[in-house]
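Just passing along the structure, written as structure tokens.
For clarity, chains are labelled A, B, C and D in written order, and residue numbers in each chain start from 1.
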Amino acid sequence: MFAVAITILVFNLLPIVDKTKDSLTAAALANQWPAYFAYAVSFLTIGIMWLNHHTMLSAVSRVNRTVLVLNLLLLMGVVAIPFPTALIAAHLNDSTAGKVATVTYGLVMIAIGFGYGAMWIYLAAHQKELGARRRVRTPRLSTIRFTAGNAGYIGGTIIAVFAPVAALIIFGLLAVYYLFQHLPDPSAGDDSAPGD
Amino acid sequence: MFAVAITILVFNLLPIVDKTKDSLTAAALANQWPAYFAYAVSFLTIGIMWLNHHTMLSAVSRVNRTVLVLNLLLLMGVVAIPFPTALIAAHLNDSTAGKVATVTYGLVMIAIGFGYGAMWIYLAAHQKELGARRRVRTPRLSTIRFTAGNAGYIGGTIIAVFAPVAALIIFGLLAVYYLFQHLPDPSAGDDSAPGD
Amino acid sequence: MFAVAITILVFNLLPIVDKTKDSLTAAALANQWPAYFAYAVSFLTIGIMWLNHHTMLSAVSRVNRTVLVLNLLLLMGVVAIPFPTALIAAHLNDSTAGKVATVTYGLVMIAIGFGYGAMWIYLAAHQKELGARRRVRTPRLSTIRFTAGNAGYIGGTIIAVFAPVAALIIFGLLAVYYLFQHLPDPSAGDDSAPGD
Amino acid sequence: MFAVAITILVFNLLPIVDKTKDSLTAAALANQWPAYFAYAVSFLTIGIMWLNHHTMLSAVSRVNRTVLVLNLLLLMGVVAIPFPTALIAAHLNDSTAGKVATVTYGLVMIAIGFGYGAMWIYLAAHQKELGARRRVRTPRLSTIRFTAGNAGYIGGTIIAVFAPVAALIIFGLLAVYYLFQHLPDPSAGDDSAPGD
């Protein structure tokens, strides 16, 4: 599902073909920078969510009904990401509409963040029942990470009310930060990479 | 295929980008609630179908030609779900059109329900031939479950003729009910979760 | 790729949402029968191609560069199927356009048929090199099957010049025929079903 | 992700359905040759990238954070390919627009080429750390291949400024060349083929 969701982001770029139908010039393409920018931010964000999802679920050796339900709710948010991405691509340059689009983007991210937090707290609280392969990181630490991540998205969403472009830059920096700043993952040694 | 079908549901949200092209306000986005509602109901419904499909087919250790054909017919219905979902997203607010859309949705669900029923009855009747890994639940019980589920969808479809919003709420509640109310699955202990 | 291609067929149904935007009635939906018909025929056809592809490639234990290239050309045809399907959905009711659409559909099927034929002849001729797990059926038999199948598609394409609806029925019957009429597959006993 | 990206290329063909809505004749379909041409070139190109990606990552037995990040950047380019493909399909026949479209296509290819080059150089430099299964080809040879490949794309992009059709032919020939001209891959003996 992550693989499909991340690939569907290209539908964020395809409307540019129609928009530049009458005059396809280098300037007209460059003028569509919000679409490329939103594509890159969402691509990195879903990519990180994919890695975190894999790390999170590979910590346990079995899943129960509750995990499957939490997972489904989490993925309902992830799969929706191309929608606020498309809103930003269409409206980042407009004054009011750009703000509405970026705030919507931030709210979807916050909802997904809460989904990850709920999943992690549940996994940490039911380690024995789920046959944890390694010691699931303590709720305290996961809470700190969850709080820090969501604080960033909440802050970005508030900024989006005033400065949507600045907010999108913050969302992009959050993605880059989490891409590099990651707790060591004992299972990282497996030989499969996303997309392989 | 379930992974792709469930992700394609985001195309139910993307037309909102066009609809709010001239005026993207918080009110305009909120006004599109039928699209979000239909997205959530269909997402949970396909999610449950996915789990049930996995449970059903993991009960046997091999499949024959008939199972493959039944499976293909079943998936033909599941893959079509984004279509009635999009009808509801576009028309739930309209008086006549909303009823047509919701009835169509219900009819697709009933057809899929019959597909699951046929598959289950066949699997239960050919346990030895298909090398059942565990005792496939008796046809009697599967019949009861099938009847109960489809009775809900048939009832919802009849209600849709008069009150489409109420019918969609019923379809959503059916999904939530089956999400939690599920016969124990001995194979639930495997370490893969949908979307991982 | 088969899983994605078969799921993308739902995009054959989504234009109906736009076409019935102003008046969504049961009659307007029923009027779109070419779209449902084309969806069902293409779904079954891709489903059979998927099974045949699996059977064909599971006959050998390794692949070489030529097999990968032949496979890529074959899949280039399969992935394109939603295009002539959409042409039929849009035009089956029109006199001239319906013929052009159905002939195009037939030509794509014939091209894919030649692709399967080429792959099969190559696999049969290089059994030792590719470490055939079981004896690949003789070129003679595969030639007969390939000729019979493609003769059906060639005949259907000729008929499409005069009677597109009849041609689409023939394409559908060819799919149903191959769905049931299938040489025994020793590997059919594995426990994975398409879409699982 | 490669499987989804390559299948999404059919969306390059679907706009033809709309373009020929009023008059679907054989001539009107033939007139859309840039779309088929661009489809074939991009299909072969993504297919080769898929094979190379598999070969490259199967050379090591584990991946670290840097490989995952490089991989994500690489895939961000691959997933975007349907966008310049659609630009070419829409504009190859137009004088100025055709040049802009083909140059854009070339620039995306060059960016992806640099991504592959960076990944390969990193893998070659960290063979021990990543538990190389076989000796990763020397940086010198990979540099030559990377330079040759990208030189082709850079040359094609320069030609695209004057003759877009000639440039697209060059991009197609580059794909065909790499399809057959490939360093021996010790892991080619595994029994899975793309799309199976």
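General remarks:
Keep in mind that, in the parts below, a residue touches a chain if its C-beta (ideal position, glycine included) is under 8 Å from a C-beta of that chain, and two chains touch if they have at least 3 such contacts.
Fair warning: this is a prediction, and the values are worked out from it, not measured in the lab.
Common partners of subunit B and subunit C, by the touch rule above, are absent.
Homomeric contact subunit A/subunit D is classed as different-residue, with under half of its interface positions used by both copies.
For the copy pair subunit A and subunit B, the superposing rotation over Cα atoms measures out at 90 degrees to the nearest 5. Distance between chain centres (mean CA atoms), subunit A to subunit D: 26 Å. Computed centre separation for the pair subunit B/subunit D is 37 angstrom, with centres defined by C-alpha atoms. Within subunit A, contacts with two or more other chains are made by residues 3-4, 8. Chains touching one another, given as pairs, are A-B, A-D, B-C, C-D.
The touching residues of subunit A, when paired with subunit B in their complex, are 1-5, 8, 11, 53-54, 57-58, 60-65, 67-69, 71-72, 75-76, 78-80, 82-83, 86-87, 90-91, 94, 96-97, 100-101, 103-104, 131. Residues of subunit A touching subunit D in their complex: 3-4, 6-10, 13-14, 16-17, 20-21, 23-26, 29, 39-40, 43-44, 47, 51, 179-180, 182, 188-191, 193-196.
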